[in-house]
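Could you have a look at this structure, given as structure tokens, before my questions?
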Amino acid sequence: MKNAKTVLGLGLAALMGSASLAAAQGGSLNIYNWGNYTNPELIEKFQKETGISVTLTDYDSNDTALTRIKAGGHGFDIVVPSASYVPVWVEDGLILELDHAKLPNISNIDPQWVDVPFDQGRTHTVPWLWGTTGVVVDTSVYSGDPHTADIFLNPPDELKGKINVIPEMSDVLGIVIRAVGGTDTCTDDRDVLRAARDALVAAKPHWLALDYGTVDAYVAGDLAAGVYWNGASMRVRLGNNNFVYGYPKTGYPIWMDNAAILADAQNVENAYKFLDFIMQPEHAAMLSNFARYANAIVGSGPFMDEDMRDAPEIVIPEGLGDVGQFALTCSADVQQIHAQIWTELLR
Amino acid sequence: MARSRFAIGRLPGFAMMAMLTFAFLYLPIFTLVAYSFNAAASMTVWEGFSLRWYEAAFANRTVQDVSIRSLVLAVSAASIATALATMAALATTRKRHFPGQTMIYALINQPLMVPEIVTGVALLIFFAMIKVQTGYTGLGYLIAAHSAFCIPFAYLPIRARLETMDLTLETAAADLYATSWRAFRHVTLPLLAPGIIAGFLLGFVISLDTVVITELVKSAGQDTLSTYMLGQMRRVVTPETNAIATLFLLLSLAAVTIFFLLSRKRV
Amino acid sequence: MSRARETEQAARRRDVRLRWLLCAPALVVLLLAASGPLLIVVTYSLLTPGNFGGVVWQFSLEGWFRVFFSRDIFDDTVGFAGAHLDIFWRSIRLALITTLITAILGFPTAWFIATRPPATRPIWLFLVTIPFWTNLVIRTFAIQEVIRNEGLINNLLRWAGIISSPIQMLYTDFAILVGMAYVFLPLMVLPLFASMEKLDFRLVEAGYDLYANRLRVLWHVILPLVKPGFIAGSILVFIPAIGAYVTPRILGGGRNLMLGNLIELQFGQGRNWPLGAALALTLLVIVVAALIFYVRTAMRDSGGQRG
């Protein structure tokens, strides 16, 4: 009796394991992306048009993704790292150099995003979405100026104990280093870096959480303020319109996430098809409409939702446009210090 | 002669504490189940009865996918674990101490004592090495990990059952000229059946429940229900999660009810 | 005579071999997928961290050093790793309090069930274990929904006029305690019940006959008799509690880290696998120490017990 069970169990298990390989006629594609960042309708459309069966696994931070891929044996084909991490992926040989002949739609990329410092000429990645990191705050709790880093670094009493900071190193340091006087996020001025570390450590007791995926928590009133990305903040506002998104006037990071094909991908051809797919204007718009971030594809405008056109999270207010700084990879020593500050904060 | 019975079993306030505890245990579950029928997309504001979330859950391809995978994994792991644990239980009980027995106990019970995060991290590293060397990234790793994890859970009830079994029945079988194998098949095994079933069900439920090890060991597209729900909790959570939770609660209930009914069968 | 002895010894050796053979498959699986990999953890704790995760195969005691000590980034002063020690202490503390809570709630519950008519007892047990058969993530999620600012408890309190703005329960140590107590309660009730079921109520009756009031009977008769159940329940709660990961992650909001979360952090954003490995082994040591302590207490008590 139990032998039959074992055999049945093993048989089913073997079937399941090979199911993903035998799947659809078109084969399969395994995408590893940020959570809540890929429009399910887009996936459906892709699957229908190509017959490729897609799996989507998500991660919450650049570090998690990098660690996972470096450990090996992951089975993914596509990954979507942020710009500041792309050089690390390239240097470690983790992503493929792209054959542009297989990506006809690559000419759709907005020229300003083609020769980017982290990937000149787009040799390894194509744009996914881009945005800014700032602060989000509940105006029914706090009635002051939202465009300041003090909201989480030096919070007023009504916000203390109700703040969340996304535990993403480059985003948070991108705000804090500028806020304590650094002119450049990648400065190697020890005094500035020490001030940044001190400011963070001093502010932490006032925070309630250091968590991702908190749209729900903001809308439900568990949190009243925090550091957050613009698109996620827009979702918060749509759920509870007391919230506004603030651009810290001392400086805020602009980031871009980019799709790449993993060096040990099993389904390289399918990955190319997908990358080409997302560079079509209407598909880029689908990505934007879902995640609420801007894309880098020319011609996607007409396909975007109405409320994206002039949303304050997308259109940077007058006077604050200049203080945004694109988040890039810093030199190895500075990176080390950043990592150490970060671990000290997180502990 | 009438006299009032002094209830020696009664301790003041205990019944009330017990009731409060039951309330504590069931309040969150009732809330969960209740709001799965909510017409609105909220888990705090009730707006009428509706089955839409159940429809959504059933139509959700990802949910189907992870549910099937969870079930397959649980059945495989529980089967393997029960088979192995039965053999190990037979080998380690009802006789006096033999060399190496303590070490065997330690090994078998190790997954119970070692926190899941420690095992998870160890397996992450170990399996990653193997994945890179062999290129195999199928479900085998998860099955192996879950089976190992379930062995002590299956072992305990089987062993308990073995120790309370009546030895004389087997001796009687031997007296009646049965070979060891026949005695085993026709006497021991049927007597052991409730313990084996208990072990299987325990392993089944534990495997369904495991999230840390699965989260660390899984490869692309190998989410189980637990890891899926963990991921969902970071998204915009809708009562669809409640619906899925309720359905799986019913499944576990069915499994445990079967166990209870089966275990009431006296030999 | 010696012939008989020889055959007997041969038979015993065969028996032992057979037993080992029967155990072998289970042991192989366990060694490959449970115990064996722990050796890798030990190895990794003695290596150097790679730049963005992973390890460099170079011997280093830095991982173990960082468990207990920290070097300031800017002025290289060495001090105690306060944050780590905080997390150790929080994990032990929360696990102990959880054990206490489950004991306080579990004892009356187990007693209640044990004093029901024998026919209904299985049903009560069934009722106690049903929540246990629900998925762990779902259970934690259910608690989150009840204690969050827009959740059941806060809504009830506000509706009743007791409070005017919600009490922050989520993302605190309190939330973690509630979550863990909820998850581990059946693990305390069942062993306690098992002990109580075997209780010889005549001893209790004797206590009353000797003019003891209920409290004294409880303290001097019942509690000592169910001590084995207490010990078993405490172990079953304390050990998973101290290594808990899911509950503190969901209910603690990433700020109130317990050891499990700290370990996982090193394999993600912390980018320090050797430190993670060392921390994991430290957790293991604490668990083993707790086990030894409990077992000693159990043995000492049962040794001194009469009747």
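In this document, chain identifiers A, B and C correspond to the written order of the chains, with residue numbering beginning at 1 in each.
Heads up, the rule we're going with is that contacts are C-beta pairs under 8 Å (C-beta built on N, C-alpha and C of every residue); 3 or more make two chains touch, one makes a residue touch a chain.
None of the values given here were measured: they were computed from a predicted structure.
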| item | value |
| --- | --- |
| Intersection of the contact lists for chain B and chain C | A |
| Two chains sharing the most C-beta contacts | B-C |
| Computed distance of Cα centres, chain C from chain B, in Å | 17 |
| Distance between the centres, which are taken as Cα means, of chain B and chain A, whole angstrom | 37 |
| Of all residues in chain B, the ones touching two or more other chains | 44, 80, 83, 124-125, 233, 237 |
| Touching two or more other chains - residue numbers and ranges from chain C | 150, 267 |
| Contacts with two or more other chains, residues of chain A listed in rising order | 71, 220 |
| Chain A contact footprint on chain C (complex, rising order) | 50-54, 70, 73-74, 81, 83-84, 87, 148-150, 166, 168, 170-171, 253-255, 257, 262, 265, 267-272 |
| Sites on chain C touched by chain B in the complex | 15-16, 18-23, 25-27, 29-38, 40-41, 44, 105-106, 108-109, 111-115, 122, 126-131, 133-139, 141-146, 150-152, 155, 182, 185, 201, 204-205, 208, 214, 218, 239-240, 242-243, 245-246, 250, 259-260, 263-264, 267, 273, 276-277, 280-281, 283-284, 287-288, 291 |
| Of all residues in chain A, those that touch chain B in their complex | 2-3, 5-6, 8-10, 12-13, 16-18, 20, 28, 30, 32, 35-36, 55, 57-58, 60, 71-77, 212-213, 215-216, 220, 235, 239 |
| Residues of chain B that touch chain A when the two form their complex | 44, 68-69, 72-73, 75-80, 82-83, 86, 124-125, 127-132, 137-140, 143, 196, 200, 219-223, 231, 233-237 |
| Complex contact set, residues of chain B against chain C | 6, 8-15, 17-18, 20-22, 24-29, 31-32, 35, 43-44, 80, 83-85, 87-88, 90-92, 95, 98-100, 104, 107-108, 110-119, 121-126, 144-145, 147-149, 151, 155, 205, 208-209, 211-212, 225-226, 229-230, 233, 237, 241, 245, 248-249, 252-253, 255-257, 260, 264 |
